[in-house]
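Letters A, B, C and D mark the chains as written, and numbering starts fresh at 1 in each.
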Amino acid sequence: DMKVFFPGIEKIQYKPDSGPSDTLCFKHYNASEVVCGRTMEEWCRFSVCYWHTFRGTGADPFGFPTLIRPWEDNSNTIDNAKRRLRAGFEFFSKLGVKYWCFHDRDIAPEGADLTETNKILDEVSDLALELQTETGVKLLWATCNLFAHQRYMNGASTNPNAHIVAYAAAQVKKGLEVAKKLGAENYVFWGGREGYHSILNTDVRAELDHMAAFFKMVVAYKEKIGFTGQLLIEPKPKEPSKHQYDYDAMTVIAFLKTYGLDKDFKINVEPNHTTLAGHSYEHDVIMAAKYNMLGSIDSNTGSPDLGWDTDQFPMDIKNCTMIMKTIIEMGGLAPGGLNFDCKVRRESTALQDMFISHIGAMDALARGLKCAAKLIEEKVMSGLVEERYSSFTSGLGKDLADGNATLEQCEEFVLKNGEPEIASGQQEHYEAILNYYVK
Amino acid sequence: DMKVFFPGIEKIQYKPDSGPSDTLCFKHYNASEVVCGRTMEEWCRFSVCYWHTFRGTGADPFGFPTLIRPWEDNSNTIDNAKRRLRAGFEFFSKLGVKYWCFHDRDIAPEGADLTETNKILDEVSDLALELQTETGVKLLWATCNLFAHQRYMNGASTNPNAHIVAYAAAQVKKGLEVAKKLGAENYVFWGGREGYHSILNTDVRAELDHMAAFFKMVVAYKEKIGFTGQLLIEPKPKEPSKHQYDYDAMTVIAFLKTYGLDKDFKINVEPNHTTLAGHSYEHDVIMAAKYNMLGSIDSNTGSPDLGWDTDQFPMDIKNCTMIMKTIIEMGGLAPGGLNFDCKVRRESTALQDMFISHIGAMDALARGLKCAAKLIEEKVMSGLVEERYSSFTSGLGKDLADGNATLEQCEEFVLKNGEPEIASGQQEHYEAILNYYVK
Amino acid sequence: DMKVFFPGIEKIQYKPDSGPSDTLCFKHYNASEVVCGRTMEEWCRFSVCYWHTFRGTGADPFGFPTLIRPWEDNSNTIDNAKRRLRAGFEFFSKLGVKYWCFHDRDIAPEGADLTETNKILDEVSDLALELQTETGVKLLWATCNLFAHQRYMNGASTNPNAHIVAYAAAQVKKGLEVAKKLGAENYVFWGGREGYHSILNTDVRAELDHMAAFFKMVVAYKEKIGFTGQLLIEPKPKEPSKHQYDYDAMTVIAFLKTYGLDKDFKINVEPNHTTLAGHSYEHDVIMAAKYNMLGSIDSNTGSPDLGWDTDQFPMDIKNCTMIMKTIIEMGGLAPGGLNFDCKVRRESTALQDMFISHIGAMDALARGLKCAAKLIEEKVMSGLVEERYSSFTSGLGKDLADGNATLEQCEEFVLKNGEPEIASGQQEHYEAILNYYVK
Amino acid sequence: DMKVFFPGIEKIQYKPDSGPSDTLCFKHYNASEVVCGRTMEEWCRFSVCYWHTFRGTGADPFGFPTLIRPWEDNSNTIDNAKRRLRAGFEFFSKLGVKYWCFHDRDIAPEGADLTETNKILDEVSDLALELQTETGVKLLWATCNLFAHQRYMNGASTNPNAHIVAYAAAQVKKGLEVAKKLGAENYVFWGGREGYHSILNTDVRAELDHMAAFFKMVVAYKEKIGFTGQLLIEPKPKEPSKHQYDYDAMTVIAFLKTYGLDKDFKINVEPNHTTLAGHSYEHDVIMAAKYNMLGSIDSNTGSPDLGWDTDQFPMDIKNCTMIMKTIIEMGGLAPGGLNFDCKVRRESTALQDMFISHIGAMDALARGLKCAAKLIEEKVMSGLVEERYSSFTSGLGKDLADGNATLEQCEEFVLKNGEPEIASGQQEHYEAILNYYVK
């Protein structure tokens, strides 16, 4: 049996002076380095996702698998699952991340029926627990795969068939139990099939009512078993569905508020989903943060010219700076983290590409962290913003902000004070300042 | 002075047998014809918008005005405003619509200060009232233009300068008073500048808090003066702002719920805004309707290949069928209506193009109404949908739908009943049925 | 062994009076009905694609197969391939189409090496020839799959590895031979991997030079073996590549002209690719037709709100009218045809959905054909267009059109004749006329 | 009369150590600094565009002007035009750019007829010549505005009315004469109205034939008068037209090749147009460069989430690096340059925002130049690419690249050598290397 899965690769080191083609070391991410009062590790809370990195094959709608891994024997056995898990924990450890994430079906194969499936899941998750203890790697979040199996093709909690909704519920019950066992700090729902392909055959209101009822069962069971992880919903506008109900952060908030679930759930924002919903890269992260609804981030990126989810590794320093700025301003992401919901390109077939890609992204976010820290500490930009809104700190402005004004009072003010002065928005000045810090 | 503004055009007639180039008569819209228990006029509640149709010049970011109207003397005088208003009511009457809509600044010019501006607005709206009485044309909704004047370049209710927020409040106060005077059945807020161009210089949370406080002042004043029109928010994702806070229907619901305003406002959906937000044409109309939040429709269309608001006349029979189907199913739009927030193309410079475009759209929606009525009455499609969800009417399905089930109960059900059956979604069958009815 | 693959389904009949839920018969497509001087069958030249309809499984990037076919034994054997082929010809015959299309790897599995693979392809294509003869179904076009195998992940003719280019060349050599054997009327190249994912690692000019050199080898061999089918390139802007070199019709023309290949190739336009390239549905069909470069059409559609290729069945009557109008105006598509590069939705799992979907699309195009025929025959719209450009039939206009004018002559004309008159473009009038004919 | 238009602003200095809010000096652009063997000034050839920067008012489709300039008296007089021109040259000089660009109608108002208009243009362009001589600022390119006047609403060279085509021709004749007088190094055609809004009323082939005939008149007249500037076409996919004929670089090449104009024209690429056409930022710059068709660059950017041309100042260092890398690799842009076809945001109303925005962009491109220079000089990335394609330097690979191979020869090679090896594309490795250099 294999003992070492990544021979020739040692624990990734921080070598700030390494050269351009030395892409197997960190140039910026220095886990224990303190920035803005915390270590980089504490700010970043990096996590590797198991699905792309250990279950991805490189297959796409137009092509066969390309990512051939030496530990895979192409069987759907428990043995294969366990060997793969060991490879995973070697990878996490050598990379130096402290968290991982998975779907139930990523780590363990399905059996002939739910009873057997759950038994297999118990066995494999026992090994996961063992490996967690051994390596110190923790579970950022768990989730159930409620979209890949054919039974879910028309939805899981929103399926038109109650039997299938029940199946999804049973699966989540087990998922919560496993999450508790492994000490998951969060539990995520991504509803890839919770939406519609054709509005002609769909009763959208009934489906959303069912989804809310489903989540209420989840909350009840979570409390019953004493699972303390934060529940998260991950928005995505579309794909595989034509329309997914959890379109973006605001849509999720509308749903949660409508059904009285907003105290029980936060949001797991994935920037590549944000851009597919027509927003700028950082938009949903900022909006969710400002409403205290940002739970965690699936840290990835897409290409702005592509209309589907490419789940690329985040490599753009400006975008990374904006994300880390938001995280520092909200005082940290915990219990959430930066999970790399990213996949190596289908063409990046070498084993070391798995490391290079994660290192590149960790370095990009570490650079972003350092840039954001300086931007925040020097207060040049925040000072400008504060000044810009200063009219709300006294007088009528304060009354307006506090909800103590009336239209009549406003009219009176304008009749007395006339036309307001207009001040430049200075966008290019702000952009130039940002460029000063983004290095 | 001009007495007749559209010489040679009489009241538009219903001539179902007219030929292809007879585009100055209705082939489908027959106001008094009864469909599904109501007249076409009652279902459609057509409205002409004053801004595009009487204030549009054909100017665009790359070109000068092209739409030269004989009643315009190119002055910014009250006389010109009044003559234009008379032209408007002649147009509404000859076209045969029963409603119109306007912004405050569409109908009357601004004066040297707010006092004078309000005085001019009083004078011109007195004439509007007179013309309404004379013609029987009513005011579907009024609104304030809080986006064109330079003072609003950084927002109205979300402006970083409290003085400007106060100005907007004073303007809305007057707007509500005029709306009441003219018997407006609704009052709309479209926040074209309520958003951001650069998130760097913007405190989005403060701005949204201010917007909510602003709306609370509106509700208070509305109640104080006894204005009974429905308040509406019109979502748009972007343009002119990079990001508009009222992105789409669900985002507006999130905002209203967050700030406790959801009992006071409904939504005015504009399909061209819906498509710019990345949804299908009918999506927001249906979603808003299903949550009892659909107040009115700005009935227009865009081109799917264009990334900005083209405000074209709706001419697609399938889209019109989907809209009218939703309206029938919700029991009618009143007090809302189908407002043509549409503009003739910049190149459609002939006076009769104003009629041809509206007639074409009214005919398209009337065809849609007839198609939808038959689709609904024959119950072929609704029967299929009902059957599709029938598992929720009894047993565990009913418990799930009623919120009376638990995860444990679901697990038990699955352990007992095993794998669910999977049924075809039959999308193409539904599409073929729809094509049967869309004629 | 199976003898009948679609029990209970007879040859699809034309029943113009059938009801809305009778979606297993034609309501509009009447093969022998004469329209504009030809039978519907001659105008439409419908073809079924083998890949989606007989090799599609319903798997997508987020889910497992859903389309379980009774003739499949899940083996990669020649027996399975042959049984499937028999099912295919039963389907073509019962549906009543006269053409089919395939990729080499659709019909026959790969062997251990190219020699064995070619031998298998010979054996299975012999059966195809037999079935063609037996049923009268002909081969509209053949193509090679140069994108699914992992060896092509970085391109086929544009691969950075010459060995792989050679492999693709060897595969195409065989493909042309099989095409000739089966009497293919066309031969298509779709270069799904001929493009780049990252411009950083790509020498785009070298790759395009290699692609041109590759096509020259193809032309030479085609002539050598006397294959008389038309060579076609199918544009697509992106997916699976980030950028595909054959972006759209005009890009293909640029490529062909640049490398002197424009006499040897025409274009196979797929409307779902056209819309993904940012054009309107009919744009590339019309542009290619106007430059005598339209070879064939992959008749499908997408959803305008989705950014990837959904390959849906064309069901929109207005779009179908525009396509058929172009085909009539160019005098017919032969030797090309209307190939259904469409797949039933992943959720349309019933066997009869295969028929319902094709029938729905054939009916939509037949309705489009009838609408277009009347639109053309009555000459209302074409008469308006002719009048619109009439100034180019004499005087300076004729000189301009003929290339016989000079800037000096134009200046002289303007100095003498002054400012031109401006005429309405009448877009809404044209749209209303189109709506008259689209029924 | 005004003597100094930007009081308080001196010639912008290079101060590499200035702080974040010092946005009125260069931190990176040092005109005389030598990089890769040339001065920054020679590589960059920066140009200010007159239209946005001196004719832009901040008006947008939803709002009034916001940019109030002290030298404007709101008249359409020659005096105002001349004063504005003096302000322009003060701006160019203080900013330190060596080039400007304009449309004919930017610099001089239209008169009552073409004769008078041309006379005014003579007078104002005489002043421009004087100011050029005085300041040493040169004309990068001139162009005619053939899209703003109502006569061009249906196109200029593609107008359905020959009289209007003649008018455009007369205007271009004068434009070429003025360009010659002012020593323009290039002459640009951007066809904002050369396209269609509705394909129903448009004969696209006739219009394109007319456009080609028009360009042939231009080439003839250019040669007749001895104007030696490079002719350029600027692609844009849409806006204001629904479809513009010059969609992107490849479409322009198709047009030029089709009509035999490819020796006479090159391409002026605007990256914001490239992204609107669905490509990545640098795509058209690279494609045009690789085919020796890149003439000049309208250096700006858009927001990837917006579907219209925002003409923002380029501030992204990675994008700037990619552009400058291409320019260095092609040996420089001359006679083209980097023209800032950018506008300050409508909200950036302060006079100094004009400087801050240009400085920010010049610094971003200067940073890009330095990053690209190091990237190129160290050959890490280019070495990897060279190695990647090395199989084409000998043997069958060389034959393939040279066009000397046959399909038969390829088949033989594969039968002998078997399955090719597959190499990782290493995209993330390349991305990490790029990040090393982008600082």
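Everything below uses one rule, namely that a residue touches a chain if its C-beta (ideal position, glycine included) is under 8 Å from a C-beta of that chain, and two chains touch if they have at least 3 such contacts.
Computed from a prediction, not measured in an experiment: that's the story for all the values here.
Here the repeat of A-C among C-D, A-D or B-D is B-D, since over half of its contact pairs match by residue number. Among the pairs A-B and B-C, the greater number of C-beta contacts is found at A-B.
Remark: chain A and chain B have CA centroids separated by 36 Å (rounded to whole angstrom). Chain C has its Cα centroid 39 Å from the Cα centroid of chain B.
Looking at chain B, one finds that residues 66, 150, 153-154, 197-198, 238, 242-243, 276, 278-280, 303, 305, 345, 347, 349, 381, 422-423, 425-427, 431, 433 touch two or more other chains. The touching residues of chain A, when paired with chain D in their complex, are 19-21, 23, 27, 66, 275, 278-280, 303-305, 313, 315-318, 344-345, 347-350, 353, 356-357, 359-360, 363-364, 378, 380, 422-429, 431-433, 435-439.
The touching residues of chain A, counted against chain B in their complex, run 113-115, 150-151, 153-154, 160-167, 169-170, 172-174, 176, 197-206, 209-210, 213-214, 216-218, 220-221, 237-238, 242-243, 247-248, 250-251, 253-255, 257-258, 276-280, 282-283, 286-287, 290-291, 322, 381, 384-385, 388-389, 391-392, 395-397, 400-403, 405-408, 410-411, 413-415, 417-423, 425-427, 430-431, 433-434. For chain A in complex with chain C, the touching residues are 58, 60-66, 147-150, 152-154, 192-193, 197-198, 238-240, 242-243, 276, 303, 305-308, 345-347, 349.
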